[in-house]
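Would you mind keeping the following structure in view while I ask a few things?
A, B and C are the chain letters, set down in written order, and residue numbers restart from 1 in every chain.
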Amino acid sequence: MDAKQDTPEKGVRTPVSTRLQEYKLTFKILVESPSSAVGLLIVLIYSAIAVIDFTYPSLLGVQDAFSMVPDYSNPVPSAPVWPIHPFGTTFPGVDLYQAVMSAIRVDLWYSLLIVLAGAAIGTVVGVLAAYVGGYLDEALMRFTDIFLSVPYLPFAIAVAFVLGRALDDVSIALAIVWWPLYARYAYGQALSVKENAYIEAAKASGVGTLGIVFQHVIPNVLTPIFVQISLDLGTVVQVFAALTFIGFASANPLLPELGTLISNGFQYAVAAPWVVFFPGLAILIFAIGMNLLGDGLRDALDPRGRT
Amino acid sequence: MKLRYYIARRVLLLIPTLLGLTLIVFIISHVGGSARLIGAYINIHSSVPVVVQEQQLMARFHLKDPLVVQYFYWLAAFIQGNWGYTQTSIYSGTVLQAINLFFPNTLVLSVLASVLTGIIGIPLGVWSAVRKDSVLDQATRAISFAGYSIPLYWLGLILIITFSTSNVCSCLNILPISGTVTVNLISGVDWYISGISYPTHVLLIDSLIHGRLDIFGDAVLHLILPVVTLTYGTMASVLRVMRSSMQDTLNQDYVRTARAKGLEEKTVINVHVRRNALIPVCTLLGYTIASLLGGVVLVEAVFDYLGIGYWTTQAMLNGDVGGIMGATVIFGLAFIFANLAVDVTYGFLDPRIRH
Amino acid sequence: MHLTQEAEPNAVTATAPTEPLLQVNGLRVSFITRAGRIQAINDVSFEVSAGETFGLVGETGCGKSQTALAVMRLTPEAGIIERGKIQFAGANLTDNIAHEFKIVQKKHGRVKLKRNKAALKQLGQKINQIRGKDMSMIFQEPMTSLNPVYTIGRQVSEVLLRHKVISLVDRILARNAATKEKLREITNAAARDLSQAELRELLQQAGLEGLEDQVWFALSRKDIGATQKIRTINNLSERKIKPITFRFLVRLKESKGQIPGEYRILNKIPIVRRWLSGVLEKEALEASYELLSVVNMPNAANVLTSYPHELSGGMRQRVMIAMAISTKPKLVIADEPTSALDVTVQAQILELLRELKRTFNSAILFISHDIGVVSEICDRVGVMYAGNLVEVARLDELFADAKHPYTQGLFASIPKYGEKRELLQTIEGTVPNLINPPTGCRFRTRCTRAFEKCSQPPPWLEVEQGHGVLCWLYGDSEKHVNQ
């Protein structure tokens, strides 16, 4: 009897896993950790709120998803009363709960746009600069650096100011302010991807520069960029609300938006704390959720933790 | 290369960066035509009628010529110190003068917050990483996490609400919740006019110069909440980066070598790990400072603290172009010089970068 | 190095001449990972005698590096020493391993490792008196093993300042006490050939033992002539210190390297502290220069003020070696010191190690995957496979008469000059997964001579004097080496 035939599975190395298995492993690690599971949950809840508010607002108890409903007969903010006004009311007589629910949708929508736009532009610029190198690299990076010489909040204020001070202008301003950060980040990532063997292989098989950039470099840079996006989303929501708090507002003064709500309630804050408490809390919880998720994603993708 | 050559090179690189800043300001001010630029340079207190001023400005800045030419004329005026005029509810006059009056207060706030961030954030980060997963480490992480998730102005508001007279309990009514100084205390003082103190424009110093310790104490009290708010927001990210950087460094081979040399663990951490861990923190310091400067705007707005940030928000609400331009310039300058300091520190910490 | 009495903590006691310097018994090391528990080292036992060079050879993943790290108690975070005894020069390095960690079962079958901080602190206090001093290590990757932000001079001095403060003090004091007259005998003798032992005699007579290293260094320099050497030696006596420095150093020596009581308060003042440590640091830097020269570092003076990234791989490895030998350790562990270097540098480093072996007579534990390299420097060799030590023998014995099928396979696979073959000889199969290793002998899945008994853990058998094998082929004795 040949002992070699005995349990041949024992002692044989496990095969290398496929991409799908990698994704599954990422997800598994993600939900194993309680903090990132909570983060994921929060983000999902917020997304659900946003979607429902857009499609069936009455499900959430929201009368008008695109405008706050004022009650001029009772303009002064009143305390929370269950179940009519679970969050109380704010000036001018608007039900705070409904306002916050819709505001979540508005903020999420704008923030997503800003981050995606910034990330898209920045990634392409950064990757091109890193991959092509030479004069293009210098030119693009110098250009990016100019944008980075002003801190982002004052810069956004200035740009939004000259653009017109409406919410859309704020978004554009923030996208303009945000893309250089992605350009820098993608640049670094692309530099290390550039050294990989499969790039040489693609070059050798005759793929053009733009082809390599879009088929090989960008996809491999996407994973850390994606993590960065999830981390940034929390920040951008905060910054966006900060700008509206300072005074930028929509053409429609009754458009529900978290920063606007806090700004409206500023005068009443001391006497009627709920007016600023709930909108801010909504921002805070979302930021926490997004940050937990982003951190969790980053840890899950870290090769050291995956063994 | 030696540290001094590195510093010299960095200082020289300032010039193109500064030029870049002026370019940005110029471009922003020209969005939507040159009318805005003219608006920034109109002096409403001048005896010269506005229409005449407009014509003078058109000529002076060559506003009919191509953009590039305009840039140079504008830049010339800029270097000579003509930064336009600002007219807001808190001050009306030249932009340069406004900055002169408001910047010192902001400086005090920012410097205090930065120093506190460094003193608390870095040791806490080291300590938290070394005692990984201990109860205190987890508490630190939680607090730090809240710090960079929280909207700064909301935190300020919550603090105001908590410390104001009517809420929670009057036992907490110990800190003033807004402004730079109590009105009663300061009225009748001749070196304090419409929110600005003379001669240094920093209330803390001026009150000492004039021998009014009571005002000094009061000013200090007024600083507490704003500084705490700003510090908390900034410290949170420093703490987090420091901790994660420490963890990365602890896994490095040279730490193993240090242990193999028989050095005490304390020495290994303080001599070999910490300095290397500070390097990535330094890299991110640029972004942290940007956050700080942005946070200043929010904190000053919430606490009615008379500084550049407050002036910025007022300018925005009043449609004051000169103010916005001026604010962008000063924030940019502050940021650029802060980054210079960071680069120098980086060069000091990491000899590899000097080559 | 010094005949002056040096304060030695009791961790390391004198060993009887017959007792081996390093004894490893039944060592078992595992790694707790997400995928499972990796049984990296399985019941390994061996001995290294004083002055002997013992080679540990095996392929990647066989556990040789981890064995070395375990001896130094530098096992990485995820690893634990489950069982075993490591005895070095009379000190038991594993007396408390049972309390050092705890394995906690969590849900989904996951396990978490908890460390006992108090036990680890205790271990630290004991082992930090030994590590770097009596037992030192040279690592495989010179590129990353040096701290990038400190100069070479500082990193080498660090070891001396930690462990050899008294020696540094002796050097300074001896120079202070020396005069041209006292050195006359030596300078006269320097004209002819002088052995280190003779030098020591002369210095002892003059009461200047602390000068030994400095004089010997001057004498062994190849870049200056005889007259220059004499002048250098005489110059040593010119370097005097101020009376306050002298007082401080004498007191420091008396308190065995700790800051003397009366200086403790002064030491709190930054300027004073700088000055006090500055005296020692300067001396340590000089000693470092001597060490760098000993390891044949080109342009040693420049290297002292350089940073690691300015040096080549070979130079960095020389720095590592300098640090390792600076305290004249009893045992030097070299973990693949030449694997990251190219062949010519490899040869130089090996030659250096051989020379150092002759000069200092330290024992060396030499880890390598390259049996050719091992054969250049080792007296005895141990072969490892999949976490087990499968064979140990004297070098010539192993080459002449390898007993274990794996060792035989290894030798057979080396192409021999003059031999004509179509295909290289290999060992069929691959190294087993250490999370789920084969039961019994871990080599049996690839062994051409395996039989049914091999599914039982094989015994360790002394086939001849000093030649042992872990294999069922050589008898039935139940003499296992477990504790």
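In the analysis below, a contact is a pair of C-beta atoms (placed from the backbone, for glycine too) under 8 Å apart; a residue touches a chain by one contact, two chains touch by 3 or more.
All figures in this text were calculated on a predicted structure; none of them were measured in a lab.
**Student:** When all chain pairs are ranked by how many C-beta pairs they have in contact, which pair ranks first?
**Tutor:** A-B
**Student:** Of all chains present, which has the mean Cα position farthest from that of chain B?
**Tutor:** Between chain B and the rest, the longest centre separation is with C.
**Student:** Calculate how many whole Å lie between the centre of chain B and the centre of chain C, each centre taken as the average of the chain's C-alpha atoms.
**Tutor:** 52
**Student:** Using the average of all C-alpha atoms in each chain as its centre, how far is it in Å between chain A and chain B?
**Tutor:** Distance between chain centres: 25 Å.
**Student:** Do you know which chain A residues sit against two or more other chains?
**Tutor:** There are none in chain A.
**Student:** Among the residues of chain B, which are close enough to touch at least two other chains?
**Tutor:** In chain B, no residue touches at least two other chains, as defined above.
**Student:** Applying the document's contact rule, which stretches of chain B touch chain C when the two form their complex?
**Tutor:** 252-254, 256-265, 272, 275-276, 279, 349-352, 355
**Student:** Report the residues of chain C in contact with chain B in the complex, numbered from low to high.
**Tutor:** Touch list, chain C to chain B: 72, 74, 124, 127-133, 136-137, 139, 141, 144-149, 158-159, 162-163, 307, 309, 320, 323.
**Student:** Can you tell me which positions in chain B touch chain A when the two form their complex?
**Tutor:** 16-17, 20-21, 23-25, 28-29, 31-32, 36, 145-146, 148-154, 157-158, 160-161, 164, 166-167, 177, 289-291, 293-295, 297-298, 301, 312-313, 316-317, 321, 324-325, 327-328, 331-332, 334-336
**Student:** Could you pull out which chain A residues touch chain B in their complex?
**Tutor:** Residues 142, 145-147, 149-155, 157-159, 161-163, 165, 234, 238-239, 241-242, 245-248, 262, 266, 269-271, 273, 276-277, 280, 283-284, 287-288, 291-292 of chain A touch chain B in their complex.
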